[in-house]
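The same subunit A turns up in both complexes below, where it pairs with subunit B and then with subunit C.
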Partner chain A sequence: MRLLTHNFLKSNVRGTENGYPLTIEATTVRCEESPADREFVLGLLPKVNYPALQAAARQLNPHCDPPLPDLPEDLDPSDAGGNERLDDATVGALHRVLFDVYLVEGWLVCPDTGRKFPVKDGIPNMILHEDEI
Partner chain B sequence: MPHGSGSAVGADDNHASNNMSSSNAEEYVLLIEFVHKHLDFHNAELLSTLELNGIIQGTDCHFRPLPNANPLSDSTRPFYILSLPWSSIGCKFSVSDEHDIDESKGNAKQINLVSALARCTLIRSVVELWGTGRTMDECVESIQNGNALRRHQEGKHLGSDAKVFKERSWKITVHTLGGTYTREEHSEMRSKFSFLELPGRVKMRDPDDEYLFVREVELDSQGGAVYPRHSGVNREIIPEHDARPSLACYFGRILGNSKLGRNWRGSNRLEQYSLKKRAYLGPTSMDSELSLIMTNLALIRKGSMVFDPFVGTASILLTAALRGAYVFGTDIDLRVLRGRSEDENIASNFKQYGLRPPELVRCDNAIYHRHFRDHLPMFDAIVTDPPYGIRAGAKKSGARKEGEVRPILDEHRYDHVAQTRPYAVSDVMADLLNVAAMTLKMGGRLVYVIPSMLDFDEEQDLPRHDCLRIVYVCFQPLGTELGRRTVTMEKIKEYDESKRSLYLKDVWLNGSESAEKVANIRDRLLEAAKKKPGYEEKAAIRKQKRRATKEAKKKAKRVAGAQSANSASQAGDE
Partner chain C sequence: MSRPELTGHASLFYNAKEARKYDSSSRMVGIQREITERAIELLKLPSPRGEGGRPSFVLDVGCGSGLSGQVLEEHGLVWVGCDISRDMLNMANERIEQKREAALQGNESSSDADDDMGDSDEESSGPRKKQEPSPGDLLHHDMGSGLPFRDATFDGCISISALQWLCYSNSKDQIPKRRLTRFFSSLYKVLRRGARAVLQFYPETSEHAILISECAAKVGFAGGIVVDYPNSTKAKKHYLVLSFERAYKAPQGLTGAEGALLNEERAGVRVSDKDPKRGGKRHGKAPKKKKGVGKTKEWILHKKETQRKRGRETRKDTKYTGRKRPTRF
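Let's look at the complex of A and B:
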């Protein structure tokens, strides 16, 4: 599971409205570089929840070797004009954090209820058991 | 209209005459020949391929009527005639063989028509049309009145590396649809074109130019002649049939010949994607040809974001990824997502083709909005083969029996397989359309497959959504009673969350009646099969076989058990 996916996932435990973003407890993390596609990253940016991405990157960083690049502190993803002006290094950093880090084994934890969703072989299992629905 | 909007045939009918020579001399004309299968897909796939390559119908190109054009039967003929302004050849478009026929590379400035059309799976070949008519004589006349030969002699559009006319080797291939002719008869047909006085030498293998003469007759749905030339038994010629005039004759030069050959599909292009070569296959894996076609209908390009909410073994997503897309898949079935073993799973399939693994999540599409936060429309395309109860039953989360939920003990929780319950096909489709309306970008496409029995009415029974319009419906028969429709929809209106229940209520035009036709297909198939003679017998035989297999397995277990007990006791003795 890459951080792009994590950015959209939330906890569906009954009753909680604050199940986003999920906290990452990583056991195994893998990094695999890929060529950055500037146009694609900029197109995606307005849909991304930036604080959640920053938090997720911080949670995964201890497991990454080499460590993840720094993301800019302030970034308004909805600011199309501002995004266009981002330099290639920043876009490269965003690409790396969104696409090149894989959570292979670990847990995604609901910030409200503490319910742990397992991640195995890179696939998060978000299905609740029948007594939780 | 079953083919939706944008039907190619007869679309720009300024040229009522069938004789090509009276058409505008400023045109460059192509004959596109399709394979004789998936007839209902030809129009849709061709239009999608043009759109994918930025070739705008009505501006960049026009469809011309075939000889003996007849709107009622034209859709069963495997030919299309496409004309482009001659001035655009060498400018906006090129037809030379110089460009690499590699889909991932693209010259941004100039569109190579061969590479562009090569993406269309069902095209058999593309021919630079020199002449056409209802008969051979009309065809010859139209070549003589046209300027294709002169243009070829000048050779400007052949590219700067092309050999000069004098030195170009050539051959003429004769292609007679629906009937066989002898070598002598072929020779005679070829001789009709000797007036061209081609200077180069004849070369049978890999000539510089392969010319094609096509004789078209009326074909039935199987691709055989409606009026066969020979009788079945003795192979004698049937005079009345033999005397019938041809439907059309075409003559021209095959494009892309050096890279793709006469038959574009025969080469190793499709083989490369062949399902057979994948390590991990399941009973629900979509056949690779249909996935390729679906990715074209969905206009999937390099950099597209593609989603499959019923991903299964990810066979469709694999094809999308081969087109250069970023792919996401969800499914409720954990076993199919995880694969069979370390070497047989979705990730290993992707690795086999040099692709990065897809993003996969195990979740329930029926509650998409509870799994994923509110987000702006994100996907360029959603392509899927929803579960419809024939090969794999659709499931959604929840206890199987209402009210009967036992709490799961904490120590069992991590390994517990959550119960799921049946998910009616009508709900599957309603949820699919709603998720598509919610998550597709404007203009984005949803392409899905839906099974239907014979009583299915496309106008009335297809699911609908206020935010989506139906673009194409392509029917594929699967046996005598069952068929499958590939439906292409486009998002035309922004989604309004406050209207959710309204959207879902209006999915089925005839309410439960339409939904019923799609649902319970397994039961209806079973009903139909039961009525067939021999059903009882076959069922009994299958039951016997199942018992025998079960017994054999039990026996094998017993033997293995006895053996290990023996070796254990032996070890104990030592």
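Let's look at the complex of A and C:
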């Protein structure tokens, strides 16, 4: 599961007030390399919740080899003008963090209730128990 | 043949064996591709490389072994899929692995070609292999319990041949109407305003189709069911097209009258040798099988290959395969 997807995932267990973002407890992480597509990344950026992305990158970093590139401290994803001015290195870093890092085994933990969703083979199991629906 | 939905839970029907069979059947792959292409057409997404170059993020409900996801990638769409069957998702993973390995080999052998690729200003038409987004992420999830995403995440949603499973309950606490309503109300939330959903499904009865439409309308969607080829049992397809625009009217379905060629293609899908309308004196009855026409050696070898792909035990191909047998007496 890429961090792009993790950025949108939340717990929808009944009664959860704020099941977002899910904390990552990683066991196995896989890093790949794919060519960064500037237009693509800037096009998707407005959707991304930046603080959640930063937190997720921090949670995965200990398992990444080579370590993930640093993301800029402040970034407003909805600021289209500002984003256009981002340099290629930053866009490359964003691309790497969003698309090239895969959580293969681990857990996604709800920040509200602590409910743990297992991740196996890159696929999170979000199936709810009968009493959680 | 009874409907799969009547045999039990989706994850039980789509077990490892069934998943492999599904994925290796060229007929199934072809049909699913066609349906996905039609769904993408009905989705009317802005071109991913159009103005602003903003790529679309699409949800594939009941993505199964990733057949529809592959088509989404070919259209340059970023997608996330969910399915209730772990075995089907494992097949999807296998497909992704194969694609990744093929890409790695391709990259090694064509590293010179990469230098000519240039930046992202690629032509919008033609094969997009190198600029295809990476394969979609998969989730193991039951759509009847809602969708675990934050609000206004997706620019579109498709579902191929999955929605009808919500109409059947597999345990006493599964009430179809409740599951359908929960699914649609969460779909309403996770779609961006202005986004659309196209959900192809196989209704067993018109009551099912009505139940599904009503649950969708109740949560606030506008839209309707588009029926392609309503007069053909095999080619008939139902697409539930949902929109946020109150004035939205679902388009007309295809009827096959769009052109003789389309008719022929469609006919190729549904008409078998047994179609009485295709002439021949054996009206309505199975055609007489002539050995020379029906079962050539070529056909036999091809059939054995297909069976091998399915994992069935097949004899080796030898000089005796498909040879002309001596007459009986």
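Simple rule for what comes next: the second predicted complex is superposed on the first by the 133 of 133 C-alpha atoms of A that agree within 3 Å, B and C clash if a C-alpha of one lies under 4 Å from a C-alpha of the other, contacts with A are read in each partner's own complex, and residues count from 1 in each chain.
Rule of thumb we're sticking to: contacts are C-beta pairs under 8 Å (C-beta built on N, C-alpha and C of every residue); 3 or more make two chains touch, one makes a residue touch a chain.
Since the structure is predicted, the reported quantities are computational estimates derived from the model, not experimental observations.
Enquirer: State whether A:86 touches subunit B only (first), subunit C only (second), both chains, or neither.
Expert: In the superposition, A:86 contacts neither subunit B nor subunit C.
Enquirer: Touch check for A:127: first (subunit B), second (subunit C), both, or neither?
Expert: Both partners, subunit B and subunit C.
Enquirer: After lining up the shared chain so the two structures overlap, which partner does A:8 touch, if you call subunit B first and subunit C second: first, second, both or neither?
Expert: both
Enquirer: In the overlaid three-chain picture, which partner chain does A:29 touch, first (subunit B) or second (subunit C), both, or neither?
Expert: Neither partner.
Enquirer: Just to be sure I read the superposition right, which of the two partners does A:38 touch: subunit B = first, subunit C = second, or both, or neither?
Expert: It touches subunit C, and subunit B stays clear.
Enquirer: Both subunit B and subunit C contact which residues of subunit A?
Expert: Looking at subunit A, the two contact sets intersect at 1-2, 4-5, 8-10, 12, 20, 34, 37, 39-40, 44, 46-47, 49, 121-128, 130, 133.
Enquirer: Which stretch or stretches of subunit A touch subunit B in the complex?
Expert: Result: residues 1-2, 4-5, 8-10, 12, 20, 32, 34, 37, 39-40, 44, 46-47, 49, 102, 118, 120-131, 133 of subunit A touch subunit B.
Enquirer: Which residues, counting only subunit C, touch subunit A once they are in their complex?
Expert: Listed in rising order, the residues of subunit C that touch subunit A are 48-49, 52-55, 57, 78, 80, 82, 84, 86, 89-90, 93, 117, 119-120, 131, 133-134, 137-142, 145-150, 153, 173, 182, 186.
Enquirer: For subunit A, which residues count as touching subunit C in their complex?
Expert: Result: residues 1-2, 4-5, 8-12, 19-20, 34-35, 37-40, 42-44, 46-47, 49, 99, 121-128, 130, 132-133 of subunit A touch subunit C.
Enquirer: Across the complex, what residues on subunit B touch subunit A?
Expert: Against subunit A, subunit B makes touches at 303, 305, 326, 328, 332, 334, 337-338, 345, 347, 356-357, 359-364, 367, 370-373, 375-376, 378, 397-399, 405-408, 413-414, 416, 418-420.
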